[in-house]
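Two complexes follow with chain A in common, the first pairing it with chain B and the second with chain C.
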Partner chain A sequence: MTKTCDRQDAQRDAQRDAQDVSCDAQRQKERRAFLKQLGIISGVAIGAGYAALAPPSWPLSLRDPDGERGKPRPKVHHLPAGGYALKDIGTAPLGIAHGKNIDALVRGAIDGIGGIKRYVTSDDVVVIKPNVAFDRPAVLGTTTNPEVLAALIRLVKEAGAKEIRVTDNPIESPESCFERSGIRTAALKAGARIILPSPADFELLATPGATHIGTWPFFWRPFVGATKVIGVAPVKDHNLCRASMTTKNWYGLLGGRRNQFHQDIHGIISDLALMLRPTFVLLDGSRVLFRSGPTGGNLSDVRAGNTIVASTDSLAADAFGWDELLGRKGEQLPGYFQQAAARKLGNPTWQEARVKRVRLG
Partner chain B sequence: MARAPKRYNPDQLFNPDGFRHYRRAYSHAELRWGLSILLGLIAILSWVLYRGARPDPALFAALTPMARNPPKIPTSTANGVFPKDLTPPGWRAGVITSFDTKDVYKKINGRESYYKSFGFQRLDCVRLSQRSSSATIDLELFDQEQPQNALGAYAGERGEGQVDRVTPGGVARVVRNALYLVRGRYYLRAVGSDESAATLTALKHIEARFVGAKGAAKGPGQTLPWGYTLLAKVGIGAGAVTYERENAFSFEFAKDVYAGRLGKDGPQLFVMAAASPEAAKTLAAQFHKSFSSYGDAVGKQAPGWVKDHFIGAFSTASAIKRFVVGVRAAPKLAPAQKLLVQLEQALPAENTDDEDM
Partner chain C sequence: MRDKPSFFQKSSDGSPWFVRAGRITHWRVISQAFFFGLFIFLLWTTWFSRLGGYPVSLFLELDPLVAIATALSTHTLYRWLWRAIWVLALTLLLGRVFCGWICPLGTLQQFTSWLFNIRKNNARFDANRYRPIFRLKTIILVVLLVLAAFGMLQIGLLDPICLLTRSIVTAAQPAMDSALPSSLSWLSSAPGAPEQRVFDGAWFTGGLLVTILGLTLLIPRFFCRVLCPLGALLGVLSRFSLWRIERDVTQCTDCDLCLRACEGASDPHDALRKSECFVCFNCIDDCPESALTFARAPLPIKDQIEGSLRQGTATLFGKKVLSKRPETEIKGPDLPRRRWVLAGALGVMAFPFIRLSNAVTKRGYNKKAIRPPGSVQESEFLKRCIKCEQCINVCPTNVLQPATFKQAGIEGLWTPTMNFRVGFCQYNCTLCSEVCPTGAIQKTSLERKLGRGEYKKEGPIRLGTAFYDRGRCLPWAMETPCVVCEEVCPVSPKAIGGVTETITRHDGKTVTLKKPVIRPELCIGCGICERECPVTDEPAVYVTAVGESRDKERSLLLTSHKKRGERP
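Then we have the complex of A and B:
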C-alpha cells in the first residue's frame, strides 16, 4: 500500500515537473515573442524619429523645416557636353560671301567653312534657330530673311539630315510672328518642320558657370533628340546691347521672365554664348537694320547688306557684322564680346579666324 | 473548398484583419447618429453644388475689363484711344491691344527702355489691313505723359536728312513706308508693310484723322512746348528741334534740354529752364566745364567760349535769368556769338512760367 502511494506520489511529482517544464518553455516563448515585437516597434520608432528629426543634410533625413523639400522637383536638363559643335575644328573658320543671289551666298558662306557635309550627316536631326522676334514683315529687317532660311534648309536637306526643325520663342504671338515674317511659309516650303512654343515645351536647363541662367526655363522640346544646331540671325542695331546678331539670337530660346535680363544685357548675352555652342552660325547680312533696332519699322532704317557669313565662332561672325555690316568699325565692341571672349567662348578679332571671302553673283 | 478559419493567436499585437468587425449588433443610438452625420454631409454637398452653380458676381469684379468684355473686332473703324473714322476706305481694323509700363516689353522687347526714358505711360496698337491685298499698317500710339516727352521720343527716331512738318499742335513726317506723328502727349508710329501708293494714301488719311481729331484739339497738344516756340524765334523750325529729357549731349546734369541745329552743318542752339537764377548759373558753369574738357578757352570775355580740340568748333553756355542758353559745335565764332545774343533776347520775361511760354 505504502509502495503504491509512493509510486503515485512519484507519478504526480513527475507530472508536476513536466508541467513546470512546459510552463517555463511557454514563458520563455512569450518573452522571446515580446522582445521580438518590442525590437520591431523600437526599430520602427527610432527609424521614424531619425528620419523626422535628423538635420536635412544627414543621410536619409526627411526633415523639411521650411517646406522646400516637400515641393515637387522638376527635372533639370543638360545640353550635350561641348554643345553641338564639331570637335577638332581648330582655328575657327569664317566664310564670307558677298553678292545678291541668296542661294549662292548661303552656299558660298558655308563652303567657306568646309561645306555643309562637313557639319551635317544623314543621321542628323538638325535644329535651326532663326530670329523671329517681332510681328513684322521681313523687309523691315527685324527678323531673319526667309529666303536665307529657305536656302539653308535646302542645303541641310541636301546633306541628308533626317529631320530639320525650325523654332523660336518670340514674346509676341509666335503664330503671328512666324506668319508675318514669312518664316513659316519659307520653312514649310523648303521641307522643315516648325516647332512653335507652348508652355509645356519648357524645361529647366542647367548651364554650369552661367551668371544669370544657371538653371532657367528653356524651350526644350525642339532639342529632344537633336544632334546639330544652327543659328541664323539678322544683323540689327539694338537699343540696349547696340547690336543683335548670332550670339544674341539664342535669347529666343529662353522662357520665364527673361525681360528682366535686360538690366544686364551684356552679361546675359555672354551667358547665352556659354549656354548654347552651335554646330555653326549663319549671319544673315542680306539686309541690315542699322538704326532704331531691334524693333525698327521704317524702310529707311534698313539697307542692303548683300552678305552672308558662316562660322563656328559666333563672336567672330558678330564682330565681322559689327565692323563691316553695321559699319561701326573703329567703335568699341559692345561689352558682351569681351565678356564672352574672357570665358573663351570665341574670338571677336575675326581677322584671326581662317577667313575665306568670296564674291558671287 | 472552404477556407480554413484563421487561428486566433493571443500573442499577436497588431490586428491582421483590420477591416473585420467582431461586434454582433449595434445600438439604435449609434444608427441614429450615423444617419444624422450622413444627412449632414449630404446637406453640405448640396449647398456646395448649389452655390457653385450660382456664383456671386462680386467674385468677378477683380477680373480685367477685357476678360469681362471681350473686345469687339471693328470692321470699318478703329476705336478706343484712336480717333473715330481712322480706318481708311478699303481697309479694316483689327483688335486693339494695350500695354502699360509693366508689360510693354511684350510688344517691343528690347526697345521699351527707349520710350520709358521719355516718360512712357501706355501703348495702344491696332493693325489695319487692306481688303484687296496683303498690305498692312501697324499703328502704335504711345502715351508719353507730356508733349515734350512725345516730341523727344519722336525726334530721337528721326533719321538723318528726314524732314518734319509742323501740324496744328504737333509735328509729323512720312518716311517711305511709315508715318510718325506727335500730337499733344501722344506719339504715333504708323508702320506700313510696304511703300505702295495705297499705303501712302492710307497714311495720309490716318494723319488727317489724328490732326483733325476733336479730342486731341482740346488736349495739351494745342500748343507746342515753350522750347519749340523759343527756338523758332531764332529760325529753327519745330521739325528740327529735339528734346532731351535727360543726359543731353551725354552730360549727366543736362535735363529737359531743347536743342536745334541751324542747317545741316550749322551750330546747334540749346535752351533749358532752371529752378532759379542761381541754379541756372551753376548749370551754365557745368556746361562750360564740360565743354572745356575737350577744348580750350577762347578770349576772356564772358560768356566763355571753348574751341574743340578735335573738330575746331566753338561752344558756350550762359545763364540769363533762370534759363541756360547755349551754342554747340559752331563752325565760326563771330556768327555763333550773334546767335547767342539773339537767343538771349528771345527769352521771355522773368515771371513767365515755362509751361505757358
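Then we have the complex of A and C:
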C-alpha cells in the first residue's frame, strides 16, 4: 500500500517539479519580453526627448523654440569677384565697325578691342547672352540679330572655347521667343548649346552694394562652371528708360518679381551693371528699333544701323548707341548712365576713350 | 519538388508554346498598351517645340460621340472629325472593339483592377455579373444627345477621351512636371516654361480621375459599365455588328468560368448582351470546354423558326416548336421603351434649366469669361467645345484655364477661359486654334489674329479690353513710377499711352511719373499688361470680356478699327 502511495507521490512530485520548471521558464520569458519592451520604450522616449529638448547647436537636435530655425534658408550664390572681365585690358575699350557684311563687322569690331583670342582661350566655357525677350521675327529689331549671334559664336569657337552656352529668360514664352527670333536655329547651327529656363534653374544671387537686387533670383544654371560672359544686345528704344542696350540686357538673367524694377528703372539698370561685369559686350546695331520700344512690332519702327560695337565698357557702348544709332545725340543721357558711372562701372563719355573705328564692306 | 515549367514547353493539348503566347488576349493587351502609349505621347507632343505635324488631337477626332454630338449641335463636321468613321466602321463590324482594345481610359481602369482588385472564390464571378445600374449610361447618352440637338454640347463632361485628356492635361502632367529634377526638365510637359504650370480646379479634374479608378475596386470598369456615354453609343451600334462571342450550348457545362474576367459584364455564360460586350476575349481564354468562339452571328432563333407559333405550325430544324425559344443574344441595351422616352424627356427639360441660368445670355455673361483667339461667338462656342483642354495643354503661357462654375456657369464648366494673372495671350501665337478638334477655336492664321494682309480691314482679333483701376495703379495712386504695362504692350503703336507729369511728392522729392491710359481702339485684350502689373493680387490694369471682336453684342466702341495704323 505504502509502496504504491510512495510511487504515486513520487509521480506527483515529478509532475509538480516539471510544472514548476515550465512555469519558471514561462516567467523568465515574460520577464524578458517585458524588459525588452521597457528598453525600447525608454530608448524611444529618451531619443525623442533628446531631439526635442537638446539645445539647437547639438547634433541631431530638432529644438526650435521660436520658430526661426524651421524657416527655409535658401542658398545664396555669388558670381566670381571682379566678374568675368579681364584684369588688364590694355587696348581700346571700344571697337566700332560700320558696314553691311555682318561677319566682317563682328570680327572688325572685336578686332578693335584686341581680337577674340585676347578674351577667349581654349579652356573657356562661354555664356553668351543675347536679348530674346519677345516672340518676334528678327526683322522687327526687338531681339538680337541671329546673324550677329552666329558670327559671334563662330568667332568664339574659332578661339577654341570648350563650350558655348546661349541663354536668356524672355518675357514671352521662351521656346517661341528663341524659335521665332531665329536665335535657336542660328545658335545651334553655329555650334552653341541653348539653355532655356525651367523653374528649378533659378537661385538667389548676391550682388554686394546693389541698391535693389542685393539678393535676387538669378538664372543660375548657365553660369555653373562658366568662365567668360559675353552680352550681345540690340539697340532699342524703351518706353521707360528710353534706351535698352547692352546694360539693360542683363535684365534677362533675372527671375522673380521683375515687374517691380520699373519703379526705379535707372537704379535697377545701374544695379545690373554692378551685378554682371562681362568679358565684353557686343552692341548689335545692325538694326535700330527707334520707337515703340522695347516691343516694336512694326517694320516702320525699325531702321538699318549697319554698325556693330564691341566694348569692354557697356556704358561707353550704350552711350555710343544713344548718340549715333538711336540718333539722340545732344539729348541728356538716361539716368542709369550717370548712376552707373558714379559707381565707376564705366564711362559714358565714349569720345574720351580710345576708339577704334573701321568701315568695312 | 516538381520542375518549374519552362515557358517554352508544349501546352497540355500538345500545341507549341507560341500558340499559347500568341493568344488573342495577349494581342489585346499589346493593342491596349500601344494605344495608351500613343494617347499619352500625343498629349505630350502637344507643346510648341514638339509639334511636328502629329495629329495631336487624334483620339478626340476618332471619337464617334464627339463627331455625332457636334454634328447634331452644329449640323457640320469640323476638319478632322470624319476620322470617327474608322471607329464607327469597326464597331458595326466587330462590336465594341474600341472599348476593349483602344480606349485609354478603359485600359487605365483595367490596369488598376488588375493591379489592386484581387478577389477570391465566388466574388470573382459575381463582380462581373450584369447589374441593372448599367443601363444608366444609355440614359446619360440620350440626355447628352438631346441637349446637343438643342445646341448645348455637354458630352465632354463624361466622354472618356475628353475626360482623360482633361485630367491628364490639368492634373497629371503638372503634377509630374513638379516632380521632375532640373536635369530632366526636357521631359516635362512644358519644357522652357520658366514657371510651374497651374490649372484652376486641378483638384477636381484630377480627383475625378482618381475616383473613377477607385470605383473599379467596387465594380470592375465601373465607368465603362455604368457611366460612359461613348460606350453606350457604341453599345447601341454594336447590335449591327456581324461578329460576336458565340457560345456552343452543346459544349457548355454552365461552369460560369467565362465570367471570371469578363470586362463588360455581358453575360457570356447566358444570352450574350451584345451591347455590353467589349470583345476582350477573356471569356474565350477562360473557357475550359472551348465552348466559346468569336464568330459570325447566326440568324436570331425567331428568324430560324419556320411557320407560326400561334397556329401551331412552327418548326425549327424540322422539329416542332411548342413554345418560345430563348434567344442566344440580347442585341440592344437593356432599356425598356418607356425609359428611352423618359431619358429623352430629361434632356428636353434639362436644356431650359441650364441655358436660362443666365451665364451665357447677352446680359449675363461673365466679364472674366474671356475666350482664346479665334473662338466663335459664345452660343456657337458652347455648341462646339468638348472641354477636352487640348488648347489649355498647348498654351505656352499657361493663360488658358478650365473655367469654373463662377466664370461660365454649369454650361461652360471646364471650357477654356483666360486668366491674365497667370499668363497672357502671346501676340504671335495661334497654337490653341491649331489643336482644337471641334472648331470652338477656329483654325486661325496669324494674319487673321493680328488683322494683317487680307484681314487688315477686319482688324485684329480682340479678346476683350483693358481697364485701369486708378486707385491701385502705382503712378496714379501712389506717386511711384511704373508703366510695366506700357513696356510690354505688344501692339504698335502701343495701346497704352499716358501723360508724363513731374510732381513734388509728399516728402518733397521731385518725381517724374508717366500715368498710363488705355487707347481702346488699339487694345486687343491680350492681357500681358495685367500679367506683368506689379499689383499682383488685384492688378491695377485688367482685361474684361467687353469689346471682344467675336460678338457684336459685346462690342465697346462705336468705331473700333477706324484709327488702326494711324500714328498718334
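Quick note on the criterion: the second predicted complex is superposed on the first by the 290 of 361 C-alpha atoms of A that agree within 3 Å, B and C clash if a C-alpha of one lies under 4 Å from a C-alpha of the other, contacts with A are read in each partner's own complex, and residues count from 1 in each chain.
The rule is short, and it goes like this: a contact is a pair of C-beta atoms (placed from the backbone, for glycine too) under 8 Å apart; a residue touches a chain by one contact, two chains touch by 3 or more.
Quantities reported herein were computed from a predicted structural model and do not represent experimental measurements.
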item: Superposition on chain A - do chain B and chain C clash or fit; value: clash
item: First (chain B), second (chain C), both or neither touched by A:82; value: neither
item: Partner chain in contact with A:171 - chain B first, chain C second, else both or neither; value: both
item: Chain B versus chain C as contact partner of A:65, first or second or both or neither; value: neither
item: Chain B versus chain C as contact partner of A:55, first or second or both or neither; value: neither
item: Chain B versus chain C as contact partner of A:295, first or second or both or neither; value: both
item: Chain A: partner with more touched residues, chain B or chain C; value: C
item: Chain B versus chain C as contact partner of A:209, first or second or both or neither; value: neither
item: Which of chain B and chain C A:330 touches, first, second, both or neither; value: neither
item: Chain B versus chain C as contact partner of A:30, first or second or both or neither; value: first
item: First (chain B), second (chain C), both or neither touched by A:200; value: second
item: Chain B clash site on chain C (candidates 218-226, 398-406 or 470-478); value: 398-406
item: Common interface positions of chain A, toward chain B and toward chain C; value: 135-136, 171-172, 238-240, 259, 262, 292, 294-295, 297-298, 301
item: Chain B-touching residues of chain A, taken from the complex the two chains share; value: 30, 33, 37, 133, 135-137, 139-140, 171-172, 238-240, 244, 259, 262, 291-295, 297-301
item: Of chain A, residues touching chain C in the complex; value: 134-136, 169, 171-176, 178-180, 196-202, 221, 238-240, 255, 257, 259-260, 262-265, 292, 294-298, 301
item: Interfacial residue positions of chain B with respect to chain A in the complex; value: 11, 13, 105-111, 113-114, 136, 138, 140, 157, 159, 162, 175-178, 189, 191, 193-195
item: Chain C - residues contacting chain A, complex; value: 48-49, 181-182, 185, 188, 191-196, 396-397, 426-429, 474, 480-484, 486-494, 514, 528, 532-534, 536
